[in-house]
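Okay, handing you the structure first.
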């Protein structure tokens, strides 16, 4: 299933899919095209979510092992999408109905805010346990959004955080009962009203300049 | 009304005024001169406050629209004052009896600590809604003092925070009943005792080097 | 008494000593040699602790005043040890049975996590009161581990934090009853399991690159 875009009034809801929603080249291109639509439509907010038990499991390791020579190109695509979401000129919320692992967790962090299902699913940086290093750009993204305490607790340990623990450490901003993640995200966006794209994009670019610059380098 | 300087024992209390206390060139020069006095007097602390319902409403937009050709000079003056307060070699507390908006909120952030009236007044970064971008230097100042969560909640939204909410997000360090803001600030300073100006100024300059360097560039 | 190394199963426990455990050249060399052993032994974690009422009182001011001409060399040794602990490729916890002052507090901060005795002892940066400035590298280490609020509360004030207050400000991650600091630290390490040294060292180096680079410059 490909990512699909619908609207709740003026808020765009991008469903990443019903599977593991790993970052295949097709997935990345589809998300990128949907973001073009969201901006052209003048949406007042973006919610990304998923319809299965994974928000996203991150990198497409199968594709990578079959296309090792294209790794640099692939990393550039992934980091480019993270940079775009990080500085997206509309308010953004990731609504996690389930697992967010590795680059999937980073995609969630790139949004302005995160809502996570309270009773199931894990937020996790498994890199330290699966022997995958962080690029400086990905580390800059994580540091731009998390406290030093959360970095230590999550990144250095590989620990899996349920929704309530993820909220406690600031990995997510709110939790929600199963099936109400998008509704909760909508409630977070409602009081913000419509923002001028140029201004909001500029402010995010300036505040997250270190991570943004590294991600698009 | 111009800013006025009085003392409570060895603590300097700078009243920014009874109006909106916007940063006119005269206001900036008066505050700067009072800071000279505070340092020369060997004050053991500085409290800035106000006597009306505004701590400060920030930039003097009327003056700016009448003096557009002097914008670069004006920005340099404003950032220079923020840099000076950020690294002031005496302990500093902003005691907010009311609204702190935009550059007024940034002036409060430049102090070591902030006390805000609990029941009235707003702490707010309205830039995103009035289409004013942040300079990298102002963003560096805000990032030096706030958590990533607070930056998202306050800067990307333009949301107005009452005292209790401002405290919850770490925008301010304490709240106070109406009329007791300076008293509460005084209580925060009392246990610190007198600090050596050279040492404290050096430590602030080193810890806030990114913001300081950007502000005085 | 020199630092001594023992093991609790596969976790290395480095006792810094029963005195003030100041950073004499001999102390620094002994700790460094023990860290070599810890890594060569494939320990699954490192706990540093002490057997008296001081975790460490920091710089060896007596040695420094007798060897003023070797100050640059000494600073390089101290910062080198802090850099090594900051990026140590095994999970690390400082278990504080008592006082951690100045560079002793920085050594504790260089660990992944900190446990402090709840009822006695102080965590303190006395620099502002004893007129000792911070080098940019030491400031970068402190900023890499503490929130802006904690930096202000601890570094700019010279305030002494008991265990419970230190926990409240995030200076330490947990408190423990007297005599149970190492046990509590062990419990923090247990769920982490064994980590690949290369991966964990790489991740710490990337996430703490600013501080690490400054410390070894």
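Lettered A, B and C in written order, each chain numbered from 1.
Just so it is clear, contacts are C-beta pairs under 8 Å (C-beta built on N, C-alpha and C of every residue); 3 or more make two chains touch, one makes a residue touch a chain.
From a predicted model like this one, the values you see are computed outputs, not experimental measurements.
At the subunit A-subunit B interface, residue numbers used by both copies make up under half of all numbers present, so the two copies contact each other through mostly different positions. Rounded to a multiple of 5, the C-alpha superposition of subunit A onto subunit C involves a rotation of 120 degrees.
With centres defined as mean CA coordinates, subunit B is found 34 Å away from subunit A.
Contacts with at least two other chains are made by residues 147 of subunit C. Within the complex, the subunit C residues that touch subunit B are 127-129, 131-136, 139, 142-143, 147-149, 151-152, 155-159. Taken together, the subunit B residues at the contact with subunit C in this complex read 91, 112-113, 144-147, 170, 173, 191-193, 195-196, 198-200, 202-204, 206-207, 209.
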